């Protein structure tokens, strides 16, 4: 399809694409900009776009008010921990489904996905009671377990679609080469599926990072991640747009940066076998 | 080392019996080729021997011991897959070392064997590349390398050359033959390709729908096919079959003549026909001739023979080379 | 020992967090851990926790609504022995009354508030009107009409419109009290089908539709505050704590033009103001009662007030809890709204909130567990009426229906 | 690929995931079912008693229920339509040769990384606020009356916010699918005389159908439980205008602390979700087989 | 209808000129085959004719009118792609109807044409299947069907048989040849395959690096290759080339002898060599012989010839069939 694309056409398409891209990104950009304004400038009319007195006062204020590093660390531990634990459980499961399919495999997969349709609010009280009895309230481990469970179906599915693209012959070759089940999964399957596993990991870190129901309801102080941090800014007395923006920026920046750096990986694996 | 015996083995997938009870003995050091139409069970048979599938019934013994329940890793066989099944994330060297590592062999010995294999296969310069950076023929060699380092009791090949282009196929065919001559290890080789089967095999096993139709050396099958199926399957272009009155003349239900055993004349001969297509290859000419009452017949003439579409020609069979079959399709000796 | 304290994210509480060095240096064996949450989230979190005995918090910040209900359930530790110099008698009687069950104090007020009218003196002057100290609703309406200048984005009156029992229903219940309306009669029968509620809602919608800002149906305290601070409201009837924000020149563009008046009445003997306090309480079953009591005593003491005054000035002292504060000249000087705040608080009577006799306690709420749900559901209806998606009649009928269903289900009405 | 040995290994390796998920489903669910037959208010402990289907009766006859059902469908449907149409359009756009493609892609992806709470707060306060919001400013700048999004079009506003968050996801998947389209098929269609529009309708769209199904499936799973956005922006109002089933259950169980009623609502929601799920699985199952 | 003329066309991708100025005339009804090594520009040339790529300079005229700027859909050509490029979501019938539907043809006429095409191509029973449910040969036929319904001025085929297995390839080759005889439409056909080129073409165009090395009928190229490149490229197995003293004897820099033009003897002959591999196909025997001073030589013997690895043999060229080339590789007449 390499017919000459005229440069004017390319310029036109570029202009349209950039305009749309910036429009979609604008709310985030605006939040970041606002976080550097004073409260008065933040609600000034007409709004100032770039020409205002840049200040980091909001960040200072937010930091003095909340223990950002603690929340940040909790978010990191919870999202990465739950993803790793999920992978640990999901890799063998996906292996079985992809390479030793049985009649019920598709049904099991679909059933797993359907567990994600349970509305969390409906089961909060039972889970809360269980957590209380097991002493898991406000613990990182408790959140890791919950987030692992809620994301497990997605992890299994992503890995399943990814594994299915790996030719079974390679695993058979390993078996012929004397590899046991463990060697097969560890030395052959897992390294071959690294791109898929990486994107699964990324997507799940993002989903766990942004999960705001369980993380908010099952934690108090020690294990509270950034979602709880944001909850303490969501409606303070008076609408402090600038402080809110600073807190928002702090909450989303890590994942935004991670997402940007790894978008290639993410894109590659996000296809859920949708692309053949 | 390398004697494989299949006794009354069968294989069913669900309700479908793919391999009916089958007996086969493969001797040490033999180069055995399985041929047969697509779906006849060649791969299945190979995978049963490898242990990648369980037999439904029957017994497989390798070197005299019953291996029916032994997992693939323990059977001491090596397999080269159609897709090569190289490990894409490992270098050539790691690929070749993998089976040795799995066997927990002494690292120095690993090194030695890999170096030796790489030398035999001309891979020494590529040891640090990944499979993705190799050409088809090189990949093929890595797959073989991975098989030979283990010094297996036997090699199993499942259509290993079918993904290569024609020129490379010829080369690799020669290389595998040479390898067999060097190693003298039992090899079981599945192919679709006439030429490969004819040129490489010590013994060809012709399968149809899971049945063994005939076992024998290539020229044995070419000259003395046991039945019509084998006769039609071995040889290219395909043997011409004639039924009815003309066959009766030879006291047979069906007669078969290979295209290369028909003499062609523009003036006289046993059968008169009209040329439908003439393919001039320079070295040979293939003619497709419509003889009344017969199916289209293929004739091969060496060198050139200037006829064209629509010409009338006469065909005569070489009576020495004629094959006769009875109603059941069995050869009449 | 580590105390986990759940607090609401308002300014006074945040300030307290910054001043805790004073406490920890005096009690080096006690560590403090804060869980700061937005009001609704906080309420949901602490309620779940205390009701399931989750034990995540050692001290909870609770409202005057929860305090009596929870105390009756035996979920709270009675606050006795807060120290000799605590001086519980100094607490404002109206506030203290709401936190006392069977003669025992179950929660210590951190700050208290009522509601009152805040208005723009400059705009009133321009309109040629004068705001009396105790206005009637008719006067409010007249003033609102006079001050409204939509072309310049000046709206005569800003009121809460966002749905929620603590949002629009706090205001509307208080307003309804002054109109002689009530939530329930003595048989717990909902009263939205009565004339009093109809008059209340009609007047409210009238005011807002004619003189209110756009988008009022999603305005709560916060939104109104920022509207008022940016000079877009002529009047605002809301919590007395707002007074210190609107007069703070750092945040408010109209700081020097704010006047205060009591919440309006309709001549029926009740004013439309509420009573609220944020209080600190200790959940029953806590393992750290002594340390928690120490902290509560510190945070709600007279000394704490002086501590804030020392660090941040008298204007920033948490108001509405202690009589002594309103006798302190330094405070009265720094806080021009102090007198009006005290009068407003004293004008509210939780035990007898409205004109008629009612079976419940609470000014702008009904202290029964079902109220949160009912209040919010009714609030949704009134908010929808304000947004114009349903009529006044529909809103009242729906409110009546919703309330009746819940009361039936809960067994109040057989 | 399937010896008895590997099959039993497979069962063993699948079991942790299955057992965990089964536990995760069954334990809370059975507790919820149990609660749903009790009159159980969290604030009045010790007064639980069996009340049969009373909770269900109240939940299903609640005037909010049908509004919520309708809103849930509108929300899911609306977001799906916007993200898929937008995703296809954006995918086509980004599939063209443009300068700075990588950067544009990053810009487009970004909303996916934003926490739902944050995005709801940002949209509500900084854009849709009719007084201080940017939209209001723009409207005033062109001489229009600012539109009060959250009061007068609450559901639509929420749909827009949620669609903004999910558009990147749809775009990414559809873009990847587009890039996997065999160019020769397009060329063949071109030789066959198909115009750009016809190529899109007859070749590109059918090719995307699988990817679209996946987008529908994944998004539906997440959209059925949209909650934070509603809580932050409209609290389900005005009236029930933006209450969905999830929010309604929330209101029952965490606002009224009526565990019995909330549990009944939860069970109803589970049943509804499963109806949607069965429907989806049918459609997806078919599309994923091919 | 179907006369295509290329005048001084060139094509560059970026800075790389893939096709240097090139002239070619294709007459109405001709079957023209493009051959050449991989990457020589065969596909590019085809795509330039189709209009799927723009020419960098030069002019393409179809049936006497300048078509250089005409979009592909309007050139009245039909193309069959290597991958077939069937529309996977449409039934066979819909696939074949698609071009007619795009041309907004009367539905009754559409039906008629599709039915006719399906009959010609033996697809009538499969009209309601999807491409995914068809075998390789059937897919191939659908692709052709989609091309013929339009009654195009010419057909363009880009390696249409390369994805099929050997047996099917032979059949399809014959079918396409017959189709050409029936329709008499101009066909341009790109292939890698010797046999296809030799048997199907009226005219072969040999390309190398975008240059046309020679244009002519298959036998013309077989007998009179213009240069070493063409000589080596046409014919299978490949021509043997000999340089040095032995070539000098024939007054040439290089001489070439095809494997089928060497006579073999166990007793005497011009060159003496040792057999490295002997491949017995029954109909032929291929020998790979190491002659001192030369590269390995390939010899083809008809029927059987019983030699084996290590035997000494003598080779003699048929002097009539010897090709002589000068230093530049050009044929010496």
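Some notes on this structure:
Letters A, B, C, D and E mark the chains in the order given here, with residues in each chain numbered from 1 onward.
Everything that follows uses one rule, which is that a residue touches a chain if its C-beta (ideal position, glycine included) is under 8 Å from a C-beta of that chain, and two chains touch if they have at least 3 such contacts.
Per UniProt, the chains are A = Carbohydrate ABC transporter permease; B, E = ABC transporter ATP-binding protein; D = Sugar ABC transporter permease.
Computed from a predicted model, the values in this text were never measured in an experiment.
Using the contact threshold fixed earlier, the set of chains in contact with both chain A and chain E is B, D. Each step here moves to a touching chain, and the least such steps from chain B to chain C number 2. A rotation of 175 degrees, rounded to a multiple of 5, brings the CA atoms of chain B into register with those of chain E. Looking at contact counts per chain pair, the maximum sits at A-D. Taking the mean of the C-alpha atoms as each chain's centre, chain C and chain D sit 36 Å apart. Chain B and chain E, compared by their mean Cα positions, are separated by 27 Å. In whole angstrom, the spacing between the mean C-alpha positions of chain C and chain E is 90. Chain geometry summary: the mean Cα position of chain A and that of chain D are 16 Å apart. Within chain E, the positions touching two or more other chains are listed as 52. Looking at chain D, one finds that residues 1-2, 42, 132, 187, 254 touch two or more other chains. Each of the following residues of chain A touches two or more other chains: 1, 43, 124-125, 129, 172, 231, 234, 239.
Remark: chain E residues 50, 52, 71-74, 77-79, 81-83, 85-90, 98-99, 102-103, 132, 146, 150 touch chain D in the complex.
The residues of chain E lying in touch with chain B in their complex are 165-166, 170, 174, 177-178, 181, 192-195, 198-199, 218-219, 222-223, 234-237, 258-260, 277, 279-284, 286, 288, 300, 302-304, 309.
On the side of chain D, the complex with chain A involves touching residues 1-2, 6-7, 9-11, 13-14, 16-18, 20-21, 24-25, 27-29, 31-32, 35, 42, 90, 93-94, 96-101, 103-119, 121-123, 125-127, 132, 134, 137, 141, 164, 167-169, 172-173, 175-177, 180, 183, 186-187, 210-211, 213-215, 217-218, 221, 224-225, 227-228, 232, 245-246, 249-250, 253-254, 259, 262-263, 265-267, 269-270, 273-274, 276-277, 281, 285, 288. By the touch criterion given at the top, residues 167, 169-170, 172-180, 183, 187-188, 191-192, 194 of chain A touch chain B in their complex. Across the complex, chain D meets chain E through its residues 182, 184-185, 187-195, 198, 202-203, 206-207, 209, 290.
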